[in-house]
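In what follows, a single structure is set out as structure tokens and then discussed.
Letters A, B and C mark the chains as written, and numbering starts fresh at 1 in each.
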Amino acid sequence: MTDYADYPTGDPVADTKAPAGPVHERWDTRRFEARLVNPANRRKHTVIVVGTGLAGGSAGATLAEQGYHVVQFCYQDSPRRAHSIAAQGGINAAKNYRNDGDSVHRLFYDTVKGGDFRARESNVHRLAQISVEIIDQCVAQGVPFAREYGGLLDTRSFGGVQVSRTFYARGQTGQQLLLGAYQALSRQIAAGNVEMHARTEMLDLIVIDGRARGIVARDLVTGKIDTYVADAVVLASGGYGNVFYLSTNAMNSNATAIWRAHRRGAYFGNPCFTQIHPTCIPRTGDHQSKLTLMSESLRNDGRIWVPKAKGDDRSPERIPEDERDYYLERIYPSFGNLVPRDIASRAAKNVCDEGRGVGPGGQGVYLDFADAITRLGRKAVEAKYGNLFDMYQRITDEDPYEVPMRIYPAVHYTMGGLWVDYDLQTTVPGLFAIGEANFSDHGANRLGASALMQGLADGYFVLPATVNDYLARNPHQEAVTGEHPAVQEVLAETEDRLNLLLAVDGDRTPDSFHRELGELMWELCGMARSAAGLRKALERIPRIREEFWRRIKVPGTGQEFNQSLEKANRVVDYLELAELMCLDALHRTESCGGHFREESQTPDGEAARRDEEFSYAAAWEFTGTGEAPVLHKEDLVFEHVHPTQRSYA
Amino acid sequence: MARTMWDSTIGKKTVMAVSGLIMLLYLVVHMIGNLKIYFGAGEFNHYAHWLRTVGEPFMHYEWTLWLVRIVLVVAVAAHATSAYQLSRRDIRARPSKYAHKKARASYATRTMRWGGIILGLFVVWHILDLTTGTVHAGGFQEGHPYQNVVDTFSTWYGNVIYIVAMLALGLHIRHGFWSAAQTLGVGSRSRDRALKTVADVLALLLTAGFIAVPVGVMTGVVS
Amino acid sequence: MKLTLRVWRQKNADTEGTMSTYEVDDISPDMSFLEMLDVLNEQLILAGEEPVAFDHDCREGICGACSLVINGDAHGPERTTTCQLHMRSFRDGDTIDVEPWRAAAFPVIKDLVVDRSAFDRIIQAGGYVTAPTGSAPEAHATPVPKADADFAFEHAECIGCGACVAACPNGAAMLFTSAKVNHLNVLPQGAPERETRVLDMVAQMDAEGFGGCTLAGECATACPKGIPLVSITGMNREWLRANRKAGKR
């Protein structure tokens, strides 16, 4: 076996779908060049969509509206529960309703810059263009966005930008947008255009003659594993933040769909790009099962500080003003508390590492609303953030109107994901990845309120056009049934894997392995990464994996509702994906966005990007479990936004 | 359309609300009439006789009374039928009980079903007692309601049955009136307190007004 | 903290269930209720027993997956979701009863997990605005009075957890259905389907075998999102109005 870190570099990979020409005309050009499927023929095509979040829900609904036969899956008991529902803050759109100098180009610019120049210009520009249509679409669906007294839509500002372009629905924007997509999907389910399989989890991808032709999925209620064939497969299964065990992801969010697709030939893009969100509620002990995010919008009015002195354990109200360090305002005077997430997170880690952290274990910083309450009045603060304050109080038993909140960074979003071209198609023809499941639009760091924008842009507008093109170019695929040998083979492999999990009958629970892996990843592949640490992780992960297959204990059988089996099977994939994340982090010896390499920083401790060597997206090709993957580089060309060292000072 | 209304749970509730309000209106009139007993046998018996001649000469003798009776019978039947059908449905919709029992809804709410049954039985007894005289204690005299009432409330069981039923009536109206308002969609956040107050006042007035009669007999004010 | 749990165990939909008793120790008051159940499940797996199945996902009170009746209360003693209930709401030595949602329309799948797909079918019957992708007019073309937008939002907050049904003595889904009817019917975007929406959703609600409303108010008391009881009044009003209009056509 070769050393995992000894990866070979293969041929470069290129996005062949984005047309040339001015960036603002590319999407129009692509849409015009895309072939169309005759509406009468669409119902003959089946498209599988995995996941019902913002991306999957909107894609399923839109494909069905266009006339395709959609077969859709979610592991939750209802498509309405996908984790997009937990997004709080808002959704960006270049509407310029405030007349504050916003434009499509500015949103494009902010997103490329915010992503630390590791995203593809053509994709990001398209995202900015579509953003305005998303708001129209959602309003038409009855999404109750916040409005002003005149009846027009309200907006607020968000981290990393200086215009007010974030549309919101109190602290539940994700919920409202998701319910809009869910309702559109429900309409199509009722119309018979979408065949919905809830409580059904994708376990593998079926590839026939080099094309994605279906999936293997398990009915979580009966335990029955079935095959589903189609003409195209769309993965909208979200991100892989749960590799870290503790994250703001939902408990059951998992990487199985994308990891299994990766194993079947889809390249994995920038796996090490993870976003650590600065404003989460600190953990309270070992029992912690997940972390809860407090919307970044809190940074609009809250001021972040720690005591100036190390080990100052006075209660916050007893620390006088001149002994407080409002470190973000001090270091970044022009953006202050509204610097991008990666910068805010790292700054919090730095002050805590200096021994100035607050709360249990010194793992926290204050987010103080005292000034805002004095300035705006308690009522106004309540109107803006009431539900977030309530949530904080419920979890911590502290009243944020009286005592400053304590926050600490936590894993929140994964910018990496399956590598896709401009059409959102992976390296497996017929396999598409949308939303957080792909790697495309956020580069090395995602700006606040951009995930909702991307998920809906992909699902409502981009994917339906590009799937159309794919199916029009491949109208007559071989008819495949469940009896096809390739289908049966994948089915048998899946059954074997689950049976093996049940057969080990060891002495450790799936959660104990997950927690062990997560702690390792947080320590060595978290907010700050070093060559030594990553090498250590690459050594330890295979050992955990080996121990897993020796000692895992899964009670019950495969032919029933078995949550331990579901969990164990997800951990199998985390244990492989974690290794790839560490390798990607190790190979990228620069710091950029959410990826901070200790070896690559400026004299004053800021991330130092190295464009000459690393202005590319890393697309990894799977070669075998524990085997060194092959690196394919996609060069990033910046014609419109010239890479500069990001400055928020 | 009528069929979809009756098929729907909300439709049945609407029937209950409307029929309930009709009965409530009748009860208010009935209660006021009853209080005339305090003005002596003459006035009370005259009033009872007048009930038969209302609307003359357009209406024939007792026509109006029978019209009211028919409306009431229809209301009672509609109210009871919907209640029965809805109750059966409700019980089917919650077949297994919680092991940990807990009752939080108000007493008036929880007693709607039993209260309704008690009131139904009471109405039967009440008619057999004071309208037909079938089960009347002491010789029933047609056309002498004052004496008949005094007879009924001179027995202990007459008083017990009546007073218990009137307390049940109060509870039933307390939840029923407010509930009918919600079913008919006239409730709102700003109106809720007012509706609840009206329900309480109606319940209290009707219960007190009706019970005043046996109390009058028992204390000897009416004899 | 040391606690005694009495938990509903039921192997699958076809078998009878029963309350089983378990002891858990070393419970921190900062744990969420579900984290306490995680502790129990780790114990059970290592002891070679089947862990308790329960629905949960976001664990931040918004996905609506968690669904436990705790000591007779849907979502337990605090007005929140089970995942946001913390053990500080209990005392050392307490005995806690944990049961699944009970309603004919929510059959038990296993232990504390129930099938709530009836809710999805109610939404499918009309809980949407027909606005196919691409057909939308400019967002500012139709201003919506702030009061209406706020009213819509308050009802749109429903997370579809089913606590209203679980708490209702009649197993009724009126609060759930009314929340969606009120959300969409107050908005100008929802106006064209205002009548069909309420008629179809109520018909589906009845067809699913939910009970009728006796306005006991338990639903609104249990609702973790504070959907008010008067929401049902609003739906009744919409339903009567729709019937009147249908009669005129």
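Convention: contacts are C-beta pairs under 8 Å (C-beta built on N, C-alpha and C of every residue); 3 or more make two chains touch, one makes a residue touch a chain.
On a predicted model such as this, the values are computed, not experimentally measured, just so you know.
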Closest to the centroid of all CA atoms, by its own CA mean, is chain C
Chains sharing the largest count of C-beta contacts are A-C
Distance in whole angstrom between the CA centres of chain A and chain B is 63
Chain centres from averaged Cα atoms put chain A and chain C apart, in whole Å, by 27
For the pair chain B and chain C, the C-alpha centroid-to-centroid distance in angstrom is 37
So, in the complex, the side of chain C touching chain B is made of residues 6, 8, 19, 69, 71-73, 97, 99, 102-105, 168-172, 199, 202-203, 205-206, 209-218, 221, 228-230, 232-241, 243, 246-247
Residue set of chain C touching chain A in the complex reads 11-12, 28, 30-32, 34-35, 38-39, 42, 44-46, 48-51, 53, 55-65, 78, 80, 84, 86, 88, 109-110, 113, 115-117, 119-120, 123-125, 127-140, 142-146, 149-150, 152-153, 156-157, 159-160, 183-184, 187, 189-190
Listed in rising order, chain B residues that touch chain C in their complex are 1, 4-5, 7-14, 86, 89-102, 104-105, 109-110, 112, 175, 178-179, 181-189, 192
Touching chain C in the complex, chain A uses residues 58, 61-62, 65, 76-83, 85-86, 95, 97, 133, 135-137, 139-142, 144-153, 169-170, 172, 175-176, 179, 182-184, 186-187, 189-190, 196, 198, 221, 248, 250-253, 284-285, 287-290, 292-293, 391, 394-395, 397, 460-461, 464, 507, 509, 511-512, 553, 555-556, 560-561, 563-564
